[in-house]
Amino acid sequence: MEQDQLLKVLQDVANAALTPADAIQKFGNESFEELDYAKIDTTRTRRTGYPEVIYGAGKTAEQIIGIVTAMKERQKSILATRVDSKKAAAILKTLPFLDYDATSETLIARAKKVEEVGNIAIVTAGTSDMKVAEEAAVTAEIFGNHVTRIYDVGVAGIHRLFAKLEIIRQANVVIVIAGMEGALTSVVGGLVDHPVIAVPTSIGYGSNLGGMTPLLTMLNSCSSGISVVNIDNGFGAAYNASMINRLISEAHE
Amino acid sequence: MEQDQLLKVLQDVANAALTPADAIQKFGNESFEELDYAKIDTTRTRRTGYPEVIYGAGKTAEQIIGIVTAMKERQKSILATRVDSKKAAAILKTLPFLDYDATSETLIARAKKVEEVGNIAIVTAGTSDMKVAEEAAVTAEIFGNHVTRIYDVGVAGIHRLFAKLEIIRQANVVIVIAGMEGALTSVVGGLVDHPVIAVPTSIGYGSNLGGMTPLLTMLNSCSSGISVVNIDNGFGAAYNASMINRLISEAHE
Amino acid sequence: MEQDQLLKVLQDVANAALTPADAIQKFGNESFEELDYAKIDTTRTRRTGYPEVIYGAGKTAEQIIGIVTAMKERQKSILATRVDSKKAAAILKTLPFLDYDATSETLIARAKKVEEVGNIAIVTAGTSDMKVAEEAAVTAEIFGNHVTRIYDVGVAGIHRLFAKLEIIRQANVVIVIAGMEGALTSVVGGLVDHPVIAVPTSIGYGSNLGGMTPLLTMLNSCSSGISVVNIDNGFGAAYNASMINRLISEAHE
Amino acid sequence: MEQDQLLKVLQDVANAALTPADAIQKFGNESFEELDYAKIDTTRTRRTGYPEVIYGAGKTAEQIIGIVTAMKERQKSILATRVDSKKAAAILKTLPFLDYDATSETLIARAKKVEEVGNIAIVTAGTSDMKVAEEAAVTAEIFGNHVTRIYDVGVAGIHRLFAKLEIIRQANVVIVIAGMEGALTSVVGGLVDHPVIAVPTSIGYGSNLGGMTPLLTMLNSCSSGISVVNIDNGFGAAYNASMINRLISEAHE
Amino acid sequence: MEQDQLLKVLQDVANAALTPADAIQKFGNESFEELDYAKIDTTRTRRTGYPEVIYGAGKTAEQIIGIVTAMKERQKSILATRVDSKKAAAILKTLPFLDYDATSETLIARAKKVEEVGNIAIVTAGTSDMKVAEEAAVTAEIFGNHVTRIYDVGVAGIHRLFAKLEIIRQANVVIVIAGMEGALTSVVGGLVDHPVIAVPTSIGYGSNLGGMTPLLTMLNSCSSGISVVNIDNGFGAAYNASMINRLISEAHE
Amino acid sequence: MEQDQLLKVLQDVANAALTPADAIQKFGNESFEELDYAKIDTTRTRRTGYPEVIYGAGKTAEQIIGIVTAMKERQKSILATRVDSKKAAAILKTLPFLDYDATSETLIARAKKVEEVGNIAIVTAGTSDMKVAEEAAVTAEIFGNHVTRIYDVGVAGIHRLFAKLEIIRQANVVIVIAGMEGALTSVVGGLVDHPVIAVPTSIGYGSNLGGMTPLLTMLNSCSSGISVVNIDNGFGAAYNASMINRLISEAHE
Amino acid sequence: MEQDQLLKVLQDVANAALTPADAIQKFGNESFEELDYAKIDTTRTRRTGYPEVIYGAGKTAEQIIGIVTAMKERQKSILATRVDSKKAAAILKTLPFLDYDATSETLIARAKKVEEVGNIAIVTAGTSDMKVAEEAAVTAEIFGNHVTRIYDVGVAGIHRLFAKLEIIRQANVVIVIAGMEGALTSVVGGLVDHPVIAVPTSIGYGSNLGGMTPLLTMLNSCSSGISVVNIDNGFGAAYNASMINRLISEAHE
Amino acid sequence: MEQDQLLKVLQDVANAALTPADAIQKFGNESFEELDYAKIDTTRTRRTGYPEVIYGAGKTAEQIIGIVTAMKERQKSILATRVDSKKAAAILKTLPFLDYDATSETLIARAKKVEEVGNIAIVTAGTSDMKVAEEAAVTAEIFGNHVTRIYDVGVAGIHRLFAKLEIIRQANVVIVIAGMEGALTSVVGGLVDHPVIAVPTSIGYGSNLGGMTPLLTMLNSCSSGISVVNIDNGFGAAYNASMINRLISEAHE
């Protein structure tokens, strides 16, 4: 669907290098691979800058094995998120080259040398937010970003945050992860001059409503420079942060 | 319904100072005054420590005039909240001894000398929270509390809060009033060692949901020592704060 | 971050007792202790009047053991809430000096002599609210408050409440704990002249919505003098009540 | 659609008093009258015991005039609810035999002698609930019930309720009307042994959510014997209460 | 707290049959029995017409055993609702005189002869609503009502309802129980001239929202004569229906 | 973006009837017309079967005039929905060839001869649903469908519906429009063997929640064959019904 | 309740072929079969065009066996949805002629020759939506429709959808199934000229709210021609699509 | 509160250039200016990179005049958002140097030469989203960014988007603004390799819920690289986009 790709096909047709009938086939079939249960998006790197990542939550171990196997032929790094330990064990039997990280619940195959560029700070309010934070950290690292972790600096003891403020301010992008009432985001947002990506977590109880409360807090922040992703979406925050960090880092080069 | 009152009646009956038939009348009728549309609670001061306050929102000017007139005979200070300027003008024609405060939308008759005791700090996140803050301030003052106002110190510019921290920490009770995402409450809660009463305001838009967002933020605060009242309920916060401040102040005497 | 602490450092610098470079280190590092997964707030007692309490819900047994061990060196009393019986058993193997209370799901190490001052009344609507009530009671007691328990006096049989009214009215602060529709709070609020802290519980079904119904009931109470904490937050209510009770008790001295 | 009606038609057909073709016409057309915009249910009295009442909220003055005119030929008493004063003025010009009650916003034509039977108690928490209460009272009276009004006895001053308890307990049915948090319902429900019909009102602000809070309170009441109608639905409560009161009163005869 | 009880005490005091000091004791202590975890309301029958029923959901087997044992001395019939089969088994070991009904999850001890009066129709939309329906039926029967069950007559096949209409119309009160969208209630409400008590059930999925959808449907019904109880509250519906049925039946005598 | 269109362009390029550079221009620019504030979709008829309809709610009179003027050159029939009477008056001054229908709030220019095919039944529960019903009717008619209106046959008087059942069953598609609790949809759905498209309306009050209640009712219907559109979306229902009616009617030819 | 059936009975009565007393019996009892727990709707095929389908979710294995056995005598094809694998195993022991499909969780008995007519396209956004999609596919097939499956073409890689667009456009009806944010529906709706039935799924997390987010997305679609069924309701979508597809296919004959 | 500022003060104190007592004053008072109703954050540029912007919605004309006047002395560019036309007229009388933009409802004073760097694309789904889009555009421009506007390219006519895709892909950051169901965001997110900031708007009706539907859509997007701001928050999106665009642009220099 990309214009340059289209132009190329059109030119081939114009040059008789391609018949119209063949051309039309190309548009559909070349850019993904069909499994019974999935269509693997093989041109995503070219289109959005990153390879497809496997969201493991709604898939069986068999389906993940199938998708990883198909992907493996085209891309060096593989990342599957939301793979619980039981499912991971089943997958590792068939695909022993994968690494499983139990905290972040991710399965990874890493291209040998990923040079980490720039700096993404990952800041959490509490110890319980660590699972989401590590999903973000692992994702950012496999995408080639340097990551700085600053955990458990919530506003109930705000001096802990201030002690780490200089480190946070040195990052190109800051990911703030918080459950409960999520107030940490607004405080960080008021103190740094780089983009803040906020991740509400489902940590809390009662009127926390499964993370809806910190989500609403973050969306309504009185501080500017904050944008928000879905509850517990560590991967999504890292994806965003990675885009920004890489654009800045590449521009520096 | 109070035990000592009951005991007294029983003793009077035992002493033949009262017939059972008369006694039973007492229980019902003595402690309020009946208007057509309202039953004024004349024993509230004895029972809860404060006179009845008129909540003006659902009442006509005529009803408020009637209630004030009936109250006037029994209590020196009168407070009516949520009286909009139009309704106030109509009331003031009949009851010129009342004062109207347009910011807080309160009507007041003040007993001549109210000695203000203790100290209640009223802290707001933004300029727009002032209406609720003044409802709290006026209420607290008429109930005999000394009030310190610290307005517009929201966390987007957190140094404004820190500059006022010592003043805030000197209060017996702190009322924190905030709309938007209400994060100020958690920050203050982590920094003071006195009770914090949080008032969410309906200031905000979109997913603020008419104040539900700061309400949820405050209820889920990671800081301890915070309790919450209804959205925009400046009066309620002041009532609570006043109870606490007076108990401490009286104990000091 | 406290002004007096800051002033002291500045004076030391002025007196050449401290170099600026050393001074700046102090601000960050001295007031908490870093574990891998947590930053223990070691100055909280000085800042807010109470030691840090461990919220056990989102933490592993290993993390709680680590935090208790680190805390143990600095403070005599330790309290961990929301520790289920399985997690507690694992912790007690390593830390046998702790006591576990199964009803309130708390782990406690008590300083030898805590003199209990003042009086906090804890009132529940039903038998099922006992778990939350005991979390409040245990917390209040470890913080040095005298506690009076009045359980199962909901408004379906309101005479049970009236029979206990004198006892309730003698407390400095009243904690009212109720699930279902939470109406007990408004009734108590109309009958006592001391602060009422309301705790909605998740006891109920259907349109109770996990405690949202009593939460809303309590926030909208027609009685004054009531403030509210999060659903099932017995600890939070006790923390607030303790602050108020101690301020009154200390003022009396 | 009623079985006995159906049997009668079938018998007429069997007796040749009716042809099948004529019979089938009867089923559809006889029991309502068609206007352009409405189908007036002329058999409702026979079917449910009460004539059709006009719900004025979604209708124009012209439509209400048309419906009243059509009804007038068949039934003596007419009741239109939710008619605001402006719409009422327009209707009264054309239909001067109607009476308008501004508090309850009802238009009424009363059959000359309606003997009032039994007793329905209408109890409100506050002065502001009066509009809903009067809609209920007017409806109950036009349906031939004796009504006892007990207004402004909310639980903030619960002794006002106790003073009226004997009067309330003498009613066959009790309608309890309350906004704010609606706790009055549970208290009344625990003290009377007759059915209680609860009406939440939209009186309140903030987290009252337009009456959703007292609605939820009433549905979750810990007292038994309470059933609930829609927010502000004074008419519906009166309709229910009237059914019950009449069944009891008729059984007594 | 009842007026006649109060009058009697006052008269006894007046007659010197009682000292004031003794009198005051009576008010509090005589009308309930204190267990550690519960205050059994022993005067409820006198006050509301029915003995206290044990709501089993939030209580342990031990607590239920204790309460039943205490109740057993004063009342002949005992009913405990929401007792799952596991808890029931534990209770039956200690209290073998109880009967357990697995469909309705109720534990019962029945006074030998309960004459069933009047008629309550219990109508359900589907097979899956049977659990709630049986809770209602068992409750109504133990309270002495004649019950007629009409199950699985939802509006998807409305002729099933019409075939049972005459039976339904003969009842003094109709309980309609429905999950999904709850439309059955409105149809029944438009066809009968006796009170309809609606019980939404949590049967459904997706946007059914745990029964909130049929609850809202029932509250907004375009048919009159319907009042509503909480989701799955078969007991509550039966309690209401029983009150009405008994009042009618007793009046007939 | 359509395959046949793409194939045609490719063939033209292959035949040298088109240069690649020109071809690529075609893909973007030919299929809509750019105004400052809108991009008129000029190929929608070819793509989806119907011309673009103007949704008037968020647009100024000036913008609507501009869009109509641009459309007028390409299509004969024009339909603008949600145009209030004030906005309509302003538009009619400039574009007097348009007709305004005040009930449905639509502006129309009709191609001279639209032959109406098939049959769509539009059924409403009440008089107040007429506005939405007429939006549906006007839309269906301008799209060339025969429409049968059956208004005010809600389930409170279900015999009104049965009397019209044969007429409803003759339609190819049935649109059911209802506010309040929306139960009519389920009843109709159980009685007809053609598709039912349900439109919830915002008619109602209190817990109707602006139409969310009938929306949920319709989505959870126990009857099959029902699909749902947005609240008050008469246009959307008509568009769907028209698609189905035309496919059936065309297939018959 | 159908008019022609009614007319026939009336004519039989008129012809003395039937007594009124016998006639009235017919209305009720003939059109369903009574089990203890269910009333099987035996005239549904005649009334709505399809046999009754068993919704297995709220029923026990025993109840499903009973219903299937009763149905088996009257209809050749049987479909039970929402039967989990455990329940299915129990049923298959007694009814071995049934087939169980584990993906769609359906139990089926198929009439020997079902000729599949027309074409229904079932399009899913992701692999995880397959369960709902297969419930739709199995239902549509047993109802005699030809089904085309196009899975995993969500908008994150929109070229996958475009490659399948021609196939989708050839269907008489399109079912679009999507979780997460459900955007696929709007894209498909803008590109096809046949009816689109949208099924939101509960696939997602956090603010997906169990499928409420894609449900709302689909209801608010900016594309026309889309109607929506309940979350995860594959059966309902297939039922609707089948009705439309058959009407078109039959009209073609 | 910034470390370097703190270090500087400490050094001055160490150098005896400042007494501790004076030093402590500095911390609080220097970095904001106190008005009666506001504390203007004069160090925000240094701290977060942008000057303070006035959020006009909750402020009176007088308060805005006061704040602008105070700001004017320190910063060249001034931006006030959410100023309706009436309030703007009042302000312009006093401060004629401001420019008012009626579409975006912003008041602006522009520093003479703002060189616009980089490129931010602002993409809207419909004409009605223009108000929010222009708030974003005006904000981005005053912050020195080059802005490209692409309006009315919603997915109902997706070819309009594809025609503009190359332009959109050239931007450093893309702001996507959409009401209704907000599906445009996911489509854009799947096609560009730069960060996408999504702004839901309150454009829509019924189950749109004032913008909550597109907000949820955007948060749950199946495309990666999307983060979200509050409903209608054009300013917030521009602030975020500006941060990212400037970081990239500056890095390029």
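The letters A, B, C, D, E, F, G and H name the chains in turn, as written, and every chain counts its residues from 1.
Note that in this section a contact is a pair of C-beta atoms (placed from the backbone, for glycine too) under 8 Å apart; a residue touches a chain by one contact, two chains touch by 3 or more.
To keep track of the chains, here are their UniProt names: A, B, C, D, E, F, G, H = NCAIR mutase (PurE)-related protein.
None of these values were measured; they are calculated from a predicted model.
Repeated interface, listed pairs A-C, F-H or B-C, reference F-G: B-C, with more than half of the contact pairs matching by residue number. Among the other chains, the CA centroid farthest from that of chain D is the one of A.
Distance between chain A and chain G, defined via averaged C-alpha coordinates, is recorded as 38 Å.
Chain geometry summary: the mean Cα position of chain B and that of chain F are 53 Å apart.
One simple way to say how far apart two chains are is to compare their mean CA positions; for chain G and chain H this gives 49 Å.
Along chain B, residues 1, 3, 27, 47, 126, 156-158, 162, 190-191, 206-208, 212, 215, 219-220, 224, 230 each make contact with two or more other chains. Chain A makes touch with chain G in their complex at residues 1, 27-29, 31-32, 37-39, 41, 43-44, 47, 52, 57-59, 63, 200, 202, 210-212, 215, 230-233. If you check the complex, the residues on chain B that touch chain C are 1-3, 47-50, 53, 162, 165-166, 172, 190-195, 197, 215, 219-220, 224-230, 235-237, 239-240, 243-244, 247-249, 251-252. Taken together, the chain E residues at the contact with chain F in this complex read 125-126, 154-158, 180-183, 185-187, 189-191, 204, 206-209, 212-214, 216-224. Remark: chain D residues 126-128, 130, 151-153, 156-160, 162-164, 179, 203, 205-208 touch chain B in the complex.
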